[in-house]
Amino acid sequence: SSSSKILIKGGTVVNAHHQEIADVYVEDGIIVAVQSNLKVGDDVVVLDATGKYVMPGGIDPHTHLDMEFMGTQTIDDFFSGQAAALAGGTTMHIDFVIPVNGSLTAGLELYKQKAQKSCMDYGFHMAVTKWDEVVSREMDLMVKEEGINSFKFFMAYKGSFMINDELLIEGFKKCKSLGALPMVHAENGDAVFEGQKRMIELGITGPEGHALSRPPLLEGEATSRAIRLARFVNTPLYVVHVMSIDAMEEVAKARKSGQRVIGEAVVSGLILNDSVLWDPDFSIAAKYVMSPPIREAGHGKALQGALSSGVLQLVGTDHCTFNSAQKAFGIDDFRKIPNGVNGLEERMHLVWDTMVESGQMSVSDYVRITSTECAKIFNIYPKKGAILPGSDADIIILNPNASFTISAELHHYRTDTNVYEGVTGKGKVEVTIAGGKIVWQNGELKAFPGSGKYVEMPPFSYVFDGIEKADSSYLSSLKAPVKRFRSST
Amino acid sequence: SSSSKILIKGGTVVNAHHQEIADVYVEDGIIVAVQSNLKVGDDVVVLDATGKYVMPGGIDPHTHLDMEFMGTQTIDDFFSGQAAALAGGTTMHIDFVIPVNGSLTAGLELYKQKAQKSCMDYGFHMAVTKWDEVVSREMDLMVKEEGINSFKFFMAYKGSFMINDELLIEGFKKCKSLGALPMVHAENGDAVFEGQKRMIELGITGPEGHALSRPPLLEGEATSRAIRLARFVNTPLYVVHVMSIDAMEEVAKARKSGQRVIGEAVVSGLILNDSVLWDPDFSIAAKYVMSPPIREAGHGKALQGALSSGVLQLVGTDHCTFNSAQKAFGIDDFRKIPNGVNGLEERMHLVWDTMVESGQMSVSDYVRITSTECAKIFNIYPKKGAILPGSDADIIILNPNASFTISAELHHYRTDTNVYEGVTGKGKVEVTIAGGKIVWQNGELKAFPGSGKYVEMPPFSYVFDGIEKADSSYLSSLKAPVKRFRSST
Amino acid sequence: SSSSKILIKGGTVVNAHHQEIADVYVEDGIIVAVQSNLKVGDDVVVLDATGKYVMPGGIDPHTHLDMEFMGTQTIDDFFSGQAAALAGGTTMHIDFVIPVNGSLTAGLELYKQKAQKSCMDYGFHMAVTKWDEVVSREMDLMVKEEGINSFKFFMAYKGSFMINDELLIEGFKKCKSLGALPMVHAENGDAVFEGQKRMIELGITGPEGHALSRPPLLEGEATSRAIRLARFVNTPLYVVHVMSIDAMEEVAKARKSGQRVIGEAVVSGLILNDSVLWDPDFSIAAKYVMSPPIREAGHGKALQGALSSGVLQLVGTDHCTFNSAQKAFGIDDFRKIPNGVNGLEERMHLVWDTMVESGQMSVSDYVRITSTECAKIFNIYPKKGAILPGSDADIIILNPNASFTISAELHHYRTDTNVYEGVTGKGKVEVTIAGGKIVWQNGELKAFPGSGKYVEMPPFSYVFDGIEKADSSYLSSLKAPVKRFRSST
Amino acid sequence: SSSSKILIKGGTVVNAHHQEIADVYVEDGIIVAVQSNLKVGDDVVVLDATGKYVMPGGIDPHTHLDMEFMGTQTIDDFFSGQAAALAGGTTMHIDFVIPVNGSLTAGLELYKQKAQKSCMDYGFHMAVTKWDEVVSREMDLMVKEEGINSFKFFMAYKGSFMINDELLIEGFKKCKSLGALPMVHAENGDAVFEGQKRMIELGITGPEGHALSRPPLLEGEATSRAIRLARFVNTPLYVVHVMSIDAMEEVAKARKSGQRVIGEAVVSGLILNDSVLWDPDFSIAAKYVMSPPIREAGHGKALQGALSSGVLQLVGTDHCTFNSAQKAFGIDDFRKIPNGVNGLEERMHLVWDTMVESGQMSVSDYVRITSTECAKIFNIYPKKGAILPGSDADIIILNPNASFTISAELHHYRTDTNVYEGVTGKGKVEVTIAGGKIVWQNGELKAFPGSGKYVEMPPFSYVFDGIEKADSSYLSSLKAPVKRFRSST
C-alpha cells in the first residue's frame, strides 16, 4: 500500500557521525537509500524536509510503563506511553521488567503481556532484586534466549528492591560473564531510610521532605561505591539517572582514568530544580516527587555541561507517571507519594531546546545522546539509532524554526498533570515515522496497538570490547604468584 | 627523693603553638615552670639540653597490645610494648578495647586486667562490633563512667568485626549524642572477601596476594562512604590508618568543604611501599602484612604531603606485632597471616627523619602531629601534649645531630623481627621523661610495671564545638515544613 | 597611673591553642599573668568578663589606609581607619606601602609620614611594581633594616601595578633568599583589560560591568599560575583576597600536595554576593566595587568551608574606602569607580557571627584566623596574637550574648556609606584594650593620634622552616649530573 | 590501468561509528562501495583481508618535516617522512608552517615548495609567532584562500616563538572570528628559561637537565592558562602534545564543565618514560629530548586512560627528527640539543599495541583516535577518516595476529636512530592504500614524489557548532546593562 514507501526530500540528514543534505527513501519499514536527488515512483509518499533536520527517532533508555510500584500502578501503559512518545519524536524505548517475587521469568512473562498493546518498538532491561542460584540461572536465560542484555540493581528502596554490596558484587560478576550491562540506581538506601525517619520526626511530611531526606551526597556515595566495585570486578557499568553534581563527579573521575562507566542523564534532572517541591500547593509539589530527587539549581547546569562533553553519554526520562489522585496517597506523608515524573513525550523537544538551541551541542551530538549512543550501548546499532541504508525506518523531521508548548491539556499521556506545564521552546518534531509508517504529522497521531515489535538486544555490546584482554593484561602485570622460600629467623 | 625534681636546661622547648629557648622545671610528675634561667636547688637532677629539642612525649593514637586476633595474640603486651615506646620517645598511647562476644563491658574488664602491668600512661578507644540496645547502653556507660570518648567501627573483616551501613549510621548517631568520636577502619569488607577468594583461585597464596586482594580503591570506597554518612549525621569522624591516595583524597575533599574529618596517617603507610610483599623469602614478606595493606610507591609520598599541610592531622602506628612463628600460620594462605606491623618504638624517629629532616615540616608541626593534636582530639590537652606549667611531665629531649639505627636486635619489643630493619636516619631521642621520671637516658631503659596510669578522656572535645549550632543553622535553613493547601486538578 | 594596670576577671581566655577560664593581669602594656583567682591591689582597674570571651585583639593583614589609587585617595587614614578598627576589636593591621614611581624607599618614607597619626600598632607589607637592580637592593634594605618581611606582586592592574611572569619569578627568588613572604593579587590582568573593553563595547558601563569583566576564572587562572611558579621556585606564597571557588580550589590542590601556600579570605568575599552590583541605584551598586569582584552566591559559602578546615588560613578585609562622591567618578564608566570596600571595623563581628555563631568554627579557631595565624605568618607571635605572659596587652572582651548592628551612621570611619549597612548579628566586642589601655568600652572610643607603634616584622617566619632542607632533598633526588660517555652510532 | 581498481575482500571494515564484515571497492582513488559479496571484473586487484581489519589510513595531526629549528633542519623531509608514514599505515599528515620573520605568507610559500615532493596527502597548520595588523590580515587570507583552518601559538620558546597573554587573547579572538582552531604549545616559557639557567648553574648540562628544567607543573600551568583564556574568549581550543597528568587534568576539568577543549596525545608521551634521559650514553639520552619532555613513569599510563575515555581525543606524533650528529650539537649543553623524536612511521602500530591489544580500547575507537577525529576536527571528514562510499581511498589492512618490530635499521626515515629501537608488539599494517594506490604491501614500499596532494581544510568545523548561539545565550543571561538612577546619599 501507499504508506509503505516514503521519500523524505531535501532535509539535512543527521547521524551521530555525520550530517549532510540528502534524500531518504524508505520501503517496507526499512531505510533503503540515503542520497541526493533520489528519483521515485508515483506510489511514494513524499515529505518535503527542506530547511529541517531528518534524524533517527529517539530511543528512551529508561521508562516504567504499566509498573506496579508503591502500592499502585503507573498510569501510562505500553499503549498510552508509547503513543505519547511517538508524538514527541521517540520511536523506541527500553522498559524495566520488575521480577515477580524475585522471579525474573515470572516478571518477564508479565511484561510480555503488558507489552502486547505496543504501538512502537521496545526492549527490556531486567531488574534484579534478590540473589540466589535460581536468579543466576534466570539471568543466563534472559541473555541467551530472551534478548535482554542489561540488569538493574537498586542500591536504594530498603525493604523492597534494595540489595547489599555482596549481592552487587555477585551480580556484577554474573553480568560480566554474560556480556550483559549492569545498571545501578545509586542512592544509599540505609541512609535514605534514616533521612526519611528524621524528616517525619521533624514534622516535615510534605514533598519538600522527600528532597531533604535524600540529599545529593547520598547519591554521590552510592555512585562512588558502585563505580569502584565495578572497577574491582572489571565490568562496564551503567549509572541510571545521574541527578547531581556529586554523582556526575564520580562518573567523571572514573572515566578520566579509563574506566568504562556510562552515565545517563534524565530530562528532569537537566532542566528542573527543587524549588517546585516547596510549592505550597500539594498537588503541584507532589507531581515533582521522583528518586533521586530533583536537585537544587546549579546541578542541572552542571549536568548539561557534562553531557555536552561526553562525561555523560545519553539522556533518558525515567518516565513513571501517576495522576493527581495517586500522588495524593502521600498527602500526609511524602513517603507515600508514588515516585515518578513524565518525560517520554517531551524528551526530544526539551533536549533540543536545552542543548542545541542554547549552543551547547551540535545537532550530530544531539542525535548521539538521544538515540545513537543508546542503540550502541544496547547493541542494536545500526538497526536503530541511524539513518543508513538497512536501518529500521524510525525517523523524525524536526523544524528548528518552529516552536513547542507543553501542557497537560495537549499531551498524549493519560496523566492529568505534566511537570513541564507551560514550558515552551524552539524546535518542533513535525513528523515521526516509526517502523516505516508516518505516525505523527500535522499534529495528528496514528498509533495502533500491537504495531510495536519487541527488539532483542544481544550481549557483548561495544562496551565489552577488550575486557578480556584487559583482564589478561592485569593478570600478567601482577608478577604473582611469587616463588617462595622461607628463611629461618 | 632526688628523681622527683628535674631541670632541663638550655634546650629549645617546642610546643605545637610556639618554640623558644627555655629551661623546664619538673616536680612530682608535673611541669612547674618553663622559663629562661631557672635557678634550682641541689636536690634537682639537671639535664643539659643545649642545642637539642625539648618536646612533649609522643602520644600514639593507635596500638593493639596484647590483643586476641586471627586466632592468636599480639606478642607485645602492655609492658613490653610500652617499654619500647618509652625507649623511642613515646610516653602515652591509646589502645583499642575489643569487646568480648560483643560486650563492651566485658571487653573493658579484660583490658583493665591486661593494662595493670603498664609502665606508661594510656587511654582506651572502644571497638563496636555489633549493635543492639545493650551495646547502646554500654556506650553511655563507657563515656560517662569509664573515661572513653571514642568508638571504632570496622567496615572490613567480614564475618568478624564488620558492621553494615545501617549499624554505622546508628553508631554515628549514638556517638554524636554522647560527644564521643566515631572512628572507622575503612575498607569495603565484602569486596575484600571477594578479592581474597579471587587470589586463592588464581593460586596466589603468598603475601603479595594480601596486597592484591584489597587494592586502594576499596579503601577509597569505604572512606568515601564513611565520610558521607558522617556528614549525613553531622558528626565528626576519625578515619584510622589512611594508607592510600584514594582515601586521602576523600578526606581532603570533605575537609575542603568544611566537614570535620580527621585523617590518621600511620608510619608504615608514610614510609614503606609494597615491593616488600613480593620478597621471595616468606619470612620477610609476611612481616609486612597489615590491613589496609602497604601500598605501591607514590602513596607514601602523597600522604607525607597531606600530613605536612594539615589534610591529615596526626600520625599513629597501628602497632600490632607478631613474631615469625605466628606470621608463619599463613605460610600456605595469606589470609591466615596475622595482620600487623611494629612502630610504637620507631614512630618518633621515623617521623622526624621523614618530615622534619627532609624539610617538609617545622619542629612545631612535628610536635603537633606526634603529640599535641592527639591530646586535643581526645580531650586531654594540655595535661598531655604540651610543655606548659601544669602539664604532665612527659618530655623528650631530641638531638637533631645524632643518628638512629633500627634493628630487631636493638629494639625493645618481644618480636623477633622489625619492619624497619636496617633503617637509619637523623635525630635521636636521647632522654625520655614519663610521669616526671627519667625512663630513658644514655641508651638505658628504666621501665617499671604498674607505674603507668589510665588517662580518662572526657567527651565533647574541640571537634564537637559548634555541632549543635550547625544543626540549628541547618534546620532553620530548610524552610520546612511548608504550610500547604491542595488544589483540585 | 591607674590606667596602666588592668585585671580582667572570670572570662574564658581563648588562645588559638587553648581556652580556659582565667584572670588576665596587665601592666604597662604587657600581659603579666594569666591565671585563676589573681589577687591585685587597689590601683588596678578591674573588668568583669564572666560569661564572656577574652581574646587577642584582631590583626587585619590587609588594609589600604590613606592610599593614592585610581586618581584619588582612600578616605580613611591611619587615624580614622585605626580608630574604627579599635571600636571593632582589631588592635593591629598591616598596610601595604605603595612605591613612589617604583621606588620602595620613597614609598616607605611617605607611609612613615602617613602613619605618624596612628592610634594603634601597625606593620607594613611592601608592594613591588617594577623590577630592576635598584628595586632588588631596596628589598634587601626593607627586610634587613626596616622591619618588612613581605612583598606584594600584582598580576592585574595592567598599565599600572601589573608585572609579568618573568618578574614574578625574579621577585619570588629574591623574596625566598631574604626569608620574606611573596604575596600576590591574583587576576589575569591582560584578560581583565580585554573584559573591560568588551563590556564597554556592549554598552555595559555600570557597576555590573565590573563583575562581568573579570569573572572567577581569571582569578582561578592567576592563582594557579602564581602557585605553580612559587612551587617552581620552592618559596612559600601568600595569596591575598581569595574571592572565588576557582582560586580556593587552586590553593587547596597545592596544599594537599604539601606546598606552602597561604590563602587569605576577606570578609566581603565570605559574606556578600554580587547581586548588589545589579542594584538599580548607582550609589548602592558602586559601593560594592572591589577587585577581585564580589562573586555570585555560592562562592562565599564555599570559602567559609575552606576557612573552617584550614584550606584558607586567615581573614583580612582589604579595607580600602571611598565616599560616595569618589565612587561617583565612575558614574559613566565602571572602570573609573575607585575599587574598595570597608571592613576594618566590622571584621571581628562578622567573622564571629558567620563562623562561630553558625557552628562552623570553634572559638579557638576564631582566634587563630582573626589574629594568631597572622601574627605567626608575619613572625610577631607571641608578642601579638596571644594572651600569654609577656605578650602585648592587645585584648578584646566579646560578649556572645550581645548583638551588633552595622550602619554608616554608627560606624567610626570617615566614609558616608557602609557595605554592611543594616547587618545585625550575635556577638559584641564590649571592650578593646590596645597597648595596655582601654580604648573601647561602653560604646565609647578613646583613640589618640600618635599612640600606635610600628611593629617590625623579622624575616624567616615559620613558613620558611625547612625550605633549605627541602631544597637539598630535591637536589640530592635528581641523580644528576649524570656522568656520560658518547657512543658512536 | 590495473592499479586503479581494487577490491578488498572479506575483512572487518572498521569506521569510528561502526564495524562490519564487508568488501571495499575502490576506483580512481575513491571508495565506491562498501558491501558484502561485491562482484567485480577481471581488471580489479583483489586483496584478501579475511581475519584482518580494513580501516581508514592514519592521519597524523602533528608533524614537523623539513623544518628549520634550533639552527638546523629536521632531517626528514616531505618525501622521506611521508614515505615512512605510508609504510606504517599513515596516509595523511598535517604539518606546521613556520612563518618567515613572522610573515605567514612567506612561510606558506616556503612550505609549498618543501611539499612539492610529497608522496601522500597533507594539510597545513600555521604557526603565529608575532602579532600585528599584517599578521591579522594574513590569517584571513590563510583561512579564506589557502585552506588553512588552524593556528598554533607557542607559550614557550622564549626569545623565539613565544608570545604573551595579550597576544594569545588577540589570537584567540581572531581565530574564533574566522572559524579557525587555535592550538597551543603549553609550557610556561619564562619559567622554562629560568629552569634552564638553574640547571646549567647546577652543572647539569646533559639531557637529564632538559627534563629537570621544565617539569610537568610548567605544562600544567600553561595548559590551565590557555584553557581559561579560551573560555574567556569562548573559542574552541586544541592543546597539542599533552604530555603530563598535570596538563591532562586541566583538559579534563574544562571538558567536564562543557568547554570545548581538544587534547592531543602523542605517541612518545603515551609510551615512554624519562628514565632514558638519564642514560649514561649521550647518544642514547639525547635522542629522547623533545618538548614538553617525556615524563616520569605513571604519566603515560594516565594519558592512556584519558585517551580511552575521550578526555583526550586523538593521537599525533610531533614527529621532528634529527640524526645523531645534529643531536650532538648539545653535547655540552642540553639547551642546544635539537628537540624532537620520531613517530610518524610507528604511530599506528604502537597505538594499536598499547591501546587495543591491551584491552583498553575497541577497534572503532582506535580508528577514531588515529584518523576519524582528526578528520572531523579539521573539517575534512568524510573525505578523510572514513571508509564510506565517496571517501578518498586511504585504507590500511591490519593483521591483528602478526607482529611488528621497530629499529633504525628497518625504518624508512633518514634518521640514524629510532626512539623505539627494539620495541615489538602485536598488530601489523600489511597493506597501505593511499589515494587509491597500493603503496605498501609485503614489506615493499612504492612511494612517488609528487603523488601527494594538498588537502584544503575549510573553517568552522564541528567544534564551532553552536558557538554563536552560546554567545547569545551568554549575553542574554547577563541582565545588563542595568537601567540606573543615582540616589543622593
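Odds and ends about this structure:
For clarity, chains are labelled A, B, C and D in written order, and residue numbers in each chain start from 1.
FYI, a contact is a pair of C-beta atoms (placed from the backbone, for glycine too) under 8 Å apart; a residue touches a chain by one contact, two chains touch by 3 or more.
The structure presented is a predicted model; accordingly, all values stated were derived computationally and were not measured.
Shared contact partners of chain C and chain D are absent; no chain touches both.
Greatest centre-to-centre distance from chain B is found for D, with centres as Cα means. Computed centre separation for the pair chain A/chain D is 37 angstrom, with centres defined by C-alpha atoms. Taking the mean of the C-alpha atoms as each chain's centre, chain B and chain D sit 52 Å apart. Annotation: 48 Å between the Cα-based centres of chain A and chain B. Shared contact sites, meaning residues of chain C that touch two or more other chains, are absent. Shown here, the protein chains touch around one cycle, each chain meeting exactly two partners. Pairwise chain contacts in this structure: A-B, A-D, B-C, C-D. Within the complex formed with chain B, the chain A residues making contact are 164-166, 169, 188, 190-191, 193-195, 202-206, 208-209, 212, 215, 217-218, 220-221, 224-225, 228-229, 231-232, 278-285, 324, 328, 331, 416-417, 475, 478-489. Chain A makes touch with chain D in their complex at residues 15-18, 248-249, 252, 255-260, 302, 304-311, 356-364, 381-382, 462, 465-473.
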